[in-house]
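As written, the chain order gives the labels A, B, C and D, with residue 1 at the start of each chain.
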Amino acid sequence: MMTIFEIEKPINELESAIAELRQLALEKGLDRSREIAELEAQRERLLRQIFEHLSAWDKVLLARHPKRPYALDYIRLMCESFMELHGDRLGFDDPAIVAGLGKMGGYKLVIVGQQKGRDLKERQQRNFGMAKPEGYRKAMRMFRLAEKFRLPVLTLVDTPAADPGVESESRGISESIAQSMLTLFELTVPTIAVIIGEGGSGGAIALAATNRVLMLEYAIYSVIPPEGCAAILYRDPNKAPQAAEALKLTADRALELGLIDGIIPEPLGAAHRDPQTTALSIRAAVLQQLETLSQLSPEELREQRYQRFRNIGVFQTAQ
Amino acid sequence: MQRRAAVSMIPEQWVQCIKCKKILFRPDFERALRVCTHCGYHHRLSARERILYTVDPDSFRETDAELRSADPLGFPEYAEKLRKGVATSGEQEAIITGTATLNGYEIVIGVMDFGFMGGSMGSVVGEKVTRAFERAAERKLPVIMFCASGGARMQEGLISLMQMAKTTAAVGKLHRTRMPYIAVFTDPTMAGVLASFASLADVILAEPGALVGFAGQRVAAQAGVSKAPANFQTAEFQYEHGMIDLIVPRRQIRPTLAYLLEMLLP
Amino acid sequence: MMTIFEIEKPINELESAIAELRQLALEKGLDRSREIAELEAQRERLLRQIFEHLSAWDKVLLARHPKRPYALDYIRLMCESFMELHGDRLGFDDPAIVAGLGKMGGYKLVIVGQQKGRDLKERQQRNFGMAKPEGYRKAMRMFRLAEKFRLPVLTLVDTPAADPGVESESRGISESIAQSMLTLFELTVPTIAVIIGEGGSGGAIALAATNRVLMLEYAIYSVIPPEGCAAILYRDPNKAPQAAEALKLTADRALELGLIDGIIPEPLGAAHRDPQTTALSIRAAVLQQLETLSQLSPEELREQRYQRFRNIGVFQTAQ
Amino acid sequence: MQRRAAVSMIPEQWVQCIKCKKILFRPDFERALRVCTHCGYHHRLSARERILYTVDPDSFRETDAELRSADPLGFPEYAEKLRKGVATSGEQEAIITGTATLNGYEIVIGVMDFGFMGGSMGSVVGEKVTRAFERAAERKLPVIMFCASGGARMQEGLISLMQMAKTTAAVGKLHRTRMPYIAVFTDPTMAGVLASFASLADVILAEPGALVGFAGQRVAAQAGVSKAPANFQTAEFQYEHGMIDLIVPRRQIRPTLAYLLEMLLP
């Protein structure tokens, strides 16, 4: 399996060269702008070339890219203000889920996001973005807060999976996922989910039973990790790329299947090359949906959400 | 996974317990509802057997039997697996739903069949579960769900994940009518089914020894589930951890359901 | 401090003598009925004598008597049927609180009781009747079940205190007590609490924010254990008997102060000498209250409960 | 417990931090809202100081100031303790309630005073808290409660235990109006107050290092609380265990409350 670093290698090399030239120009006071412009054009050509023909597996790698912006990055970039709140009020505060009150484009929002860690230490502290039951219970507390104070809910989904460990099992990880979905279904305020990175199975849909579900262009959303699927299907986890294709876990496939409501485009070269622009795109897409949803009455919001999911499913009827 | 006791080498009237390996006299075994008369192990039941053992005689009316899985993703081997599921289980899908009476109480009932693709939940299971809850909400009837599932049906990709949300929403619809919903976790009740409609029942019963948990054993193993207790992911473990109301031997399931219906119906 | 065994010693001695005589009469075929009748009369006189002049401290000892019937004893004796349900659906099942569905005199009830253990092993298993947060959260789950299915709630209170340990603190024992009261206040079905033994502070009132609060004759209900009060007041825990007096923690004082709605009389010699009769007295008292409360509408029930507690408090108004 | 830094041996313009024992220049200390300028220790505030530091200037209007404790049980030493409470705190009871504005938002506010009988909750505290929530519910105003209490007031026996239920019910009344209720746990917030209205806020803030817990240290010690972590029963411990939203240094309390009001008010 190719890693994301191999795909990006030629681009990264060009970018290094450009940076070196710029440094050189600065230090020696020389005009290397023509050379730089040429390299930049080359970089852009290469990027376009690579990103025009991304496989499902490439997108899996992009969704998991270690430099990909995480929930708090986007929150910081797209909100006018944000105050994180803590705790499930049941004995725990799960760092794999962040939640709080934020302002964005005139809206006051409850925001709940799955948060991976950037360096090794934070990654461990945030359990690689794998929420435990207390994470979903903190989310539910925030959903109820949103309902009480009539605030729309924005969730940012980015998790490989819910935590599968003994501790999580012993505190009811399954129940917490089911309850989180049920709580979202009972709300009468607008709710929007954006899959920003990995939409990993039950761990993801727990936060995505919303009026609208959007995906970033290179995010993935899947019932099973491609490696797990490959292990079952081909008895070989290394065939994950084939499994990724079969699972149709990319944003474009999900939209074709009618499972999501829109794709938020990423800048050329994916979100990690321009978090700012990506954040503004998310912001614009969310605000647009909020405007539409704000036209609906509380009961209509609940009913729209019910029907949205009720109608998903493909089957035949025998005579 | 071996679905139920059946070892071809021994004559028809004998059957071997898959737990203690004792040879049992089939009529005794059947009379004990496929619970080992020696060690008490609860062998898996097909959905039809379960219905037979649970509801009032001749009261079951199947609904939505005409629904059939499509192959929306054109997923490798799916069509073949479906055919095999029909052949081995004798059912068209991994759940049977319908109406019935139990001790005279009119109920909506759903029974999953692990023999059909491991009881996995795809579009048809999701739709049948959803219709069952919707029908119960509309007609103000209680729902009883016997769960037996390995989780979501991978072969329908994201569509099957969505069935978790869809069935959850349907449970919410029933909840608002204040009609009782009782779930029975049988061996196994896992992953996508456990993490959606199954866990949302007002009262949850489980059969002794049933496998009940979130992550499949492969995932759990990868996650370093080594310091797990001996009874990890069993009904008994979940009961200790407050997720199950009662562990009920098969023989007692029917009277327990009858009592609960009596107590919770208006 | 005198122990309950010292108080009961002469009675116990008489009871042994009576038993011995009966055995003797049986074995030897002799008629000792006159002697037995005399001793029994003596026993009754002595019981009356002792139980006419019980101090507050005597009642503390009776409330804690190791032979005193516990919640499950009463439930078995007074219900036509009972099915215990388990679990807080959050990761725990607290054996210090039992809860379930029971039938009593034509009523279908949700019953929640604090349960001490009879022998050493059970006592430890049930944590001496000291509930942890999960106990109150199991209770809340049952209260919500009662609300959903419109079943009246009966609570049986018998706890020295809520569990004060590290584990309980770390899972929010305070929050669980507050939420339990709040959940009871929000119910629109009839709710009745019976203090059957020790009504220990926050651990007790968590289950007693009900439309009616009854006490068994020799139960106690206190803001602080008398030993703790004595330690603060007299800097001497051995002065618990004086503290018990000062705290007015007995049923008659609570009734005088208007804090409870009725006293359920115990048989001569206290509940442990005749659990059956005591259970029937509780049953009769509860059924009577249920009949009255059933006349009220859901909203009236909530309002009555609010006003019942709202009006408790003794203060003056300065000019 | 020593209520705040005040060591008589050192001249008026100096004050000693009760935590790090450093001698601080009083004007600096006061400007820092009685937070040690050396070690950051948050010294206790009287209720009046707290109000001064929290609400808009001259906006505070006290309510129910005329309520006085009775001695319903004729409890040993109670009358004397009440007199002493008045003398040492300068207040008539352990809580001050009223209306005010905070950054222009109209609020109902309650501030407990640990200096009055350890901030204990008897009939007057219970009544004032209840009236505050009732008034807020009636006028559709948010409530902010600064908690500082050792728990229920033993000297009023069962009557004071009942104040837990009474104030809890009053919070419920506010909740139904969808008006925000924000609690601030200051040193100490314990027992009967923590286990009633304090824990039921929509958002809970706490000052750094505040003692926050259920059982008094005597009880906890008896219960064998030996394997307790170093920060047991502090705001930091409760925060780690999901019971507190944010630990907020004193200086930031006012802007934090203002932001929360802005976000939660319609």
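Assume a contact is a pair of C-beta atoms (placed from the backbone, for glycine too) under 8 Å apart; a residue touches a chain by one contact, two chains touch by 3 or more.
If you're wondering where the values come from, they're calculated on a predicted model, not measured in any experiment.
**Q** State the chain with the largest centre-to-centre distance from subunit C, centres being mean CA positions.
**A** Comparing chain centres, A lies farthest from subunit C.
**Q** Averaging over Cα atoms per chain, report the distance between subunit A and subunit C in Å.
**A** From the centre of subunit A to the centre of subunit C is 53 Å.
**Q** Go ahead and note the Å separation of the Cα centroids belonging to subunit A and subunit D.
**A** Averaging C-alpha atoms per chain gives centres 41 Å apart.
**Q** Identify all positions of subunit C at which a residue touches two or more other chains, and write them in rising order.
**A** Touching at least two other chains: 89-91, 170-172, 175.
**Q** For subunit B, which residues are shared contacts with two or more other chains?
**A** 241-243
**Q** Graph shape for the chains shown, where an edge means the two chains touch. Line, ring, star, complete, or other?
**A** other
**Q** Please give all chain pairs that are in touch with each other.
**A** By the stated definition, chains touch in these pairs: A-B, A-C, A-D, B-C, C-D.
**Q** Contact residues on subunit A for subunit B in the complex?
**A** Counting only subunit A, the residues touching subunit B are 161-166, 168-175, 177-179, 181-182, 185-186, 201-202, 205-206, 208-209, 221-224, 228-229, 231-233, 246-249, 254, 257, 259, 305-306, 309-310, 312-319.
**Q** Please name which positions on subunit B make contact with subunit C in the complex.
**A** The touching residues are 175, 178, 180, 202-203, 239-246, 256, 259-260, 262-264, 266.
**Q** Which residues of subunit A touch subunit D in their complex?
**A** Subunit A reaches subunit D through residues 81, 83-93, 101, 103, 108, 134, 138, 145, 148-151.
**Q** Which part of subunit C faces subunit A closely enough to touch in the complex?
**A** Its residues touching subunit A are 89-91, 133, 137, 170-172, 175.
**Q** For a test of understanding, state which residues of subunit D touch subunit C in their complex under the given definition.
**A** By the definition above, subunit D touches subunit C via 66-70, 72-73, 75-77, 92, 123-124, 126-127, 130, 152, 154, 156-166, 168-173, 191-192, 194-200, 213-215, 218-220, 223-225, 227-229, 232-233, 237, 241-243.
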